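Handing you this structure, nothing more for now.
Just so it is clear, A, B, C and D label the chains in written order, and each chain counts residues from 1 on its own.
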Amino acid sequence: MKLLYFAWLRAKIGIAEETVDPPPSVATVGALLEWLKRRGPGFAEALKDLSIVRVAVNQDYVPTSHPLKPGDEVALFPPVTGG
Amino acid sequence: MKLLYFAWLRAKIGIAEETVDPPPSVATVGALLEWLKRRGPGFAEALKDLSIVRVAVNQDYVPTSHPLKPGDEVALFPPVTGG
Amino acid sequence: MIRVQREDFDAGAEIERLARGKHGIGGVVSFVGLVRDAAGGERVGAMTLEHYPGMTEKKLAEIEAEARRRWPIEDCLILHRYGRLEPGERIVLVITASAHRQAAFEACEFLVDWLKTKAPFWKLEETPAGSRWVEARAGDDEAAKRWSAE
Amino acid sequence: MIRVQREDFDAGAEIERLARGKHGIGGVVSFVGLVRDAAGGERVGAMTLEHYPGMTEKKLAEIEAEARRRWPIEDCLILHRYGRLEPGERIVLVITASAHRQAAFEACEFLVDWLKTKAPFWKLEETPAGSRWVEARAGDDEAAKRWSAE
């Protein structure tokens, strides 16, 4: 599973992208976020307020209930501020 | 008093502008329109439906009740269609 | 700013000029009106725009002042052409610049709506059946009235 | 049409290109977004726009398709820049062309509102106190929601 981080999530986590292989219990976006939080202080800090974290799976916005499958591209980022 | 005609009013009346000296009884825009109607068939034709004639005095839109004074610039034209 | 001219204009250059050096501007909205090749189902070859020199400038300046009174616009331009124009040619350019986009959008739409019902221009269309003066559209009056209540 | 690029753009040339040869177009509305030199009362030196390549294009294409579904637009362009931009520089260009002006105005405003809340761009501002990520504005969400009921 490919993970991408943008804006201050990237800055706090310290990497822009990585490939991970979470355990089978991580079956939804919500479970992935909880699993990521426990990977280190940068992750914990970046994900401490999930109301300002948006998630896209395969480049579409999804809710935390969205199921995950191997090979998904999952991106975490703050609310967008373009235009 | 200077009179100006635009668009199909100009075409029907046959002139673009003229200077007239109406009798003192022609004291309002409404009276001027009635006086003009009697000046010839072109005028009568151009002014037969006053609902589609707009009047400006000294370059401001006015109602037919507007009083006239010597030296006024009076323009007659159809509803505008610019833009 | 008001301009009434026979010559064509460069919308991009005017947008650039209006915003240049004013770094409080966040959004610039523009409207370009073009001559269409059909009207009421009929083919139109070209049109001639007549206007009332003097009154045109006066009305456009009043419309601009009204927009500035209603919205916090940094600058604006109303440019209207006259003379003979062929399909695809530019007729009118309205630009509004503001710190925030919504003011720029509203002011631009207001200016276009108002100039269509207040500025003394008249269109004479050339059709296969001969020339005819364009009649005012009730829809334009409706559009202008939207702004009256404010 | 969608474009995501680092380079600047020429709004006038894009307006011209969009309308050229399409003589059914009566009105072209454009929006140019610019970098302001102040935000929340603080001086801003420059900003860097980060985006999510791939998803950006996908979301902009979806937004364009939605506008075409809702309004009879002849053509439209959404062009968004990324990278480092200084005050006064152009960020975004949205152009809509339609037979009638109201469709062009509404579609343009819709596109700007929606891209601000759906396209994955993030602004990092340089201020005297250091760099900071711009926070999403509640007003932008409100503006986008205006179009939801339709």
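Annotations for the structure displayed:
Just so we're on the same page, a contact is a pair of C-beta atoms (placed from the backbone, for glycine too) under 8 Å apart; a residue touches a chain by one contact, two chains touch by 3 or more.
Quick caveat, the model's predicted, so the values are computed rather than measured.
Between chain A and chain D, the least number of touch steps comes to 1. Chain A and chain C have Cα centroids separated by 49 Å. We define each chain's centre as the mean of its Cα atoms; on that basis chain B and chain C are separated by 26 Å.
Chain C and chain D have Cα centroids lying 23 Å from one another. Averaging C-alpha coordinates per chain places the centre of chain A 74 Å away from that of chain B. For chain D, the set of residues touching two or more other chains reads 33, 112. In chain B, no residue reaches two or more other chains under the touch definition. Each chain pair that touches appears in this list: A-D, B-C, C-D. Across the complex, chain D meets chain C through its residues 10-16, 19-38, 87-88, 99, 101-102, 104-105, 108-109, 112, 143.
Touching chain B in their complex are the following residues of chain C: 33, 49-52, 54-55, 58-59, 80, 91-92, 112, 115-124, 133-137, 140.
By the touch criterion stated above, chain A contacts chain D in their complex at residues 4, 6-8, 11, 56, 59-61, 75, 77-83.
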